[in-house]
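Here subunit A shows up in two complexes: once beside subunit B, once beside subunit C.
And now, the complex of A and B:
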């Protein structure tokens, strides 16, 4: 069982690698497509996984992950459990700004299967930002994709002077107010 | 997401406290002498027993009012499917004028039926309206007595002394709705929960009359899967003095071409035994306990059928106490737990209003 590490491989030139982890494959694919539609000045490759750990056999072919996005559906308790078990296979140094939690289905209070507080607590425990969105709406999906592309740019080290760690501490500041 | 954090935590604390009270109320009501089993039995689930049996031994809790409540007066509530609504406080409502209100509401319904033609107030109409107070259905001193609205149709053909046929029932209530009634100004009456039984067209008519007359707002009260899991945990753990029907959970699997529902029935004694092993302090329910209880049920199902029920949406629960659908339809089956159930629903209605 390979633990995902942020710095065990060399980065590729002018590119960022995003790993989407979530139990809902259809939503995951839609989000990935939305991300690829976004305008950008660097190469993005997106890896999709339903859960971690990633299989170890093709590990040598896999690039270095710059940002891991855990997708949680507020309507499915399983998605939260799935993320919680997957988190065990992520190296601690990833949580210095290279992980984020993406919560979808927000606003559908009547369909809630998870308490929003539980997700917030997860974000606090793992020192990572929690983004709330509704991926089933096209507009919000595009905005979320844009947000993730910008975060990926920073996490891949393509923005001079801003590191993933400084970015995530900025996010935390605004979160604590 | 950041601005509301501190108050939200406070609200949750309060909610938790209220649930604890609800649980305590239910625990107090439980009769003594039920054999507690520690391990779920492997007995096959027998067919649900009918509910007809009366229960002479049980006493309706003195919770609903100071004087002992009469089970006959609240019996109409039981075994009916009620559609739930939340109602904002009524402005200028006076209990002394119930008779006038009934007349006006009757005329309003008749006028609406005639598409706006003028109707004389007070004459005999097709639909008879009766408004009455139900002093038995209330929680604390601060709660207003429940208000019952009955619509019945007059039979023209048959003789005068024949009974009117009831066509629609609706009632407003507040059971331990202190949170809301403490905070409203004078001239407002807090009856945040509205339950209706009958044709939806009548619900719409009565609702619009109340909205116009008392400047309030009706909204359908849906129950989230999260709250349904609270209910099933609370009600599965209740002691009953008679053989109870199965605890049933209905899940709907999302994102399929054809709708697929999964029904998961558990023997009530097994459900209670499981809850007893999960619950740490009797009369108190925590979020973690509900989580563990549901996870145990999910794990059991997964072991047998390799299906993650936690990925599906919980749409309906039924227990011996009551059944609830996520669309906001509730059936209360047991008079003993009526205050507890209404208290929980009042709480949900208040949280929707706020």
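And now, the complex of A and C:
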């Protein structure tokens, strides 16, 4: 039971489940708190993990994940590597709109150790949107939380007429034309 | 010391409108207090502390002055104390102009240890301006080469950072050759290049210098700093620099503001109190006799002798300050528009280009002087400022308010010039993908509206892709703001295209078809994001209002801007508007459709009469699409036949069986202007007025003559769009039209 699957459990009524995967636990926690602070009309539960796979013991208690957010710190190569290895434990059907890469650290351009192009490429490879932000700034953190809540609402199927797959196709850069 | 200074530069009164006095006489007053004592007394009141600081600073200055004249006393403690005094004053209030000569001399003469020199250099923060003389002296010491390489490097960095604070640059420019010789030093080269970049004027560009630069480039490879200088040379003398250089670079120079940046901002803020940004901007205009710019000889000559006499008479009569033709008019005395007109031949831009932004007269001037170097100066300054102070790209930047007001200033200047700055454009391309959509929202989006007309596919990945991503994930208010600014962008592009066509400038990328394509792409883009947004926001009327506002511009492109382009709104916008619950949006839609009709009829007439040879005509598909929409509209508002007759693939057409399942009686007469959800309120009010006693609300009463009354009633409630639409598109039908433009009509 190593691979994370999007549709192997039943959804809960009027709720969305978010999984944050990232190596910086403090930042992760701050973001989670910011998300819970956002005004919303559905229940959000957030699960934090430093890497995948998730431990299999308590798997039957875990709800179905609606959106997986991989956090990458642009200042640490390790965070990218960590995400790359974790991606192997995500079922392919997750990439039909239920994965998002969140790149933080754009506020310290001089300390960058990852090229933004590398992350963009990762997003393209996995057909998932890449959001850039600076979670150290409180205002940006709140704004990012708001954006994630909007995405989660769609991924949890709470916006009539908009599916996760259709949404992610909007979010992707249309390079092909 | 002050006397000496003032005798040296009698024509440069430092008239900075600044509350904090920087004259040395004021510092003298403070010196009366025993500084040694009060230094230890940390608990003393703030003003007292301030005064004592001034006193200790003066002591420190005189100490350092003596130290360089005679052999430096080797007492470490005394030295340390004075150093502390300079540092603390500098960081708190900045140094007075008089201090710079002394301290720069000390630093560059290499009399003290490098650590002392470094500390001194780092604390050289101006309270107001830096006198040019002090810098000239410093450069001469630099050439003597008594100080170490590190200090030389730090001094150059300091010079670059403080360049805008130097009150004149005339003599400094005379040292151009000296700076140039430092290029040979590999370590200093990047910074020297930067200094030269700031200093270069047309007359400095010489063939031998170009040769040296090219040699250097051959030796060191393509370095961005050398390229920067070469591209500047090329700009001034394109015929002499024949090599091709890469286009716009992201950054030419490394940031060298490091140690001073924060301190300058802090000092400025403390001295100014209010907006520290505006001070930097105003500083430039308050300079008496700014540096002489390279001046087109032709510009000066025509106004010369012929008008001198006239000017002399004028001067006697009025109090206008008019200068002789070879003298420049001090920019800070420019107060009125007539003054601008009378001195336009002898004006010079201030040494700080940024000050132009807040001065409408200088903006006027900038508009009529088409000097490339002006834009280059502004471009460089603005680009750096935007990049380094952008609050969402720089973590350690607490000045969001400041940045906001700066963006506001820039936007206003853009509106004034009716043109975007390229530095802004680049800034947006660079930072929009990193933007959170909240910080300085309205200011940033306003800047978007001034992005110049250019190939859509070029700017799409930098502008429209990130904007779309933000748009889809942000709040409805953000969506509305984006639509608003894209409307402005469209209008600006359209105006620009009109001007371009009028002037008949037709370069490769501004041909008519090119223009039409770019505008069409923008409209399609907005159509796409609008459709999605309507779905995401559950057909919000608020959002719809903004979308229709955008189409209010689109529908009139042909008649208003003379561009052969007509794009109908997508079905995802049209149908929600047609079936919207509020009359304002329906009314707006009616007006838009009426304007579409007017445009299409005009186009058809032009086509038929063949008055002019038409390069373009609207495709039949456009007419067809219009007709489909009109059928749906007339069906919804007039004939109750929308469900049967709508031919649009995404339209309302429904099977009769399906309709009968709705169990609505008399389907064929139950969906028109009386029953439409947006009009229901009006029809109920109308019924109450014509038969006050009746509470059954018999809508069928509204027919025949009462139908006309009902229409009058609607018109009187301000539904002018509806009126225009009905009168243009429907009454003709009912009168069995003998229309000329038959295929436009239903």
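Here are a few things to note about the model shown:
Here is the rule we use: the second predicted complex is superposed on the first by the 170 of 177 C-alpha atoms of A that agree within 3 Å, B and C clash if a C-alpha of one lies under 4 Å from a C-alpha of the other, contacts with A are read in each partner's own complex, and residues count from 1 in each chain.
Note that a residue touches a chain if its C-beta (ideal position, glycine included) is under 8 Å from a C-beta of that chain, and two chains touch if they have at least 3 such contacts.
Remember, predicted model here, so these are calculated numbers, not experimental data.
If you put the two complexes together on subunit A, you find that subunit B and subunit C bump into each other. Once the two complexes are overlaid on the shared chain, A:79 sits against subunit B while remaining clear of subunit C. Of the two partner chains placed by superposition, only subunit C is touched by A:170; subunit B is not. Contact with neither subunit B nor subunit C is seen for A:16 once the two complexes are overlaid on the shared chain. The wider contact with subunit A, measured as residues touched, comes from C rather than the other of subunit B and subunit C. When the two complexes are overlaid on their common chain A, residue A:117 makes contact with subunit B while staying clear of subunit C.
Of the two partner chains placed by superposition, A:6 touches none, neither subunit B nor subunit C.
Once the two complexes are laid over each other on the shared chain, residue contacts for A:139 go to subunit C alone; subunit B is not touched. Touch criterion met: A:109 reaches subunit B and subunit C at once. After overlaying the two complexes on the shared chain, residue contacts for A:97 are found with neither subunit B nor subunit C.
Shared-chain residue A:26: touches subunit B; no touch with subunit C. After superposition on chain A, the stretch of subunit C that runs into subunit B among 73-81, 217-225, 541-549 or 577-585 is 217-225. Shared contact residues of subunit A, touching subunit B in one structure and subunit C in the other: 109, 132, 174-175. Listing the residues of subunit A that touch subunit C in their complex gives 106-109, 129, 131-134, 136-137, 139-140, 142-144, 146-147, 150-151, 154, 159-162, 167, 170-171, 173-175.
Across the interface of their complex, subunit A is touched by residues 1-3, 5, 8-9, 12, 222-226, 229, 254-255, 287, 294, 298, 308, 310-314, 326 of subunit B. Here subunit C touches subunit A in the complex through residues 391-395, 400, 433-434, 436-439, 461, 465, 468-469, 472-475, 532, 535-536, 538, going by the rule given at the top. Of all the residues in subunit A, the ones that touch subunit B in their complex are 23-24, 26, 75-79, 81, 109-115, 117, 120, 130, 132, 174-177.
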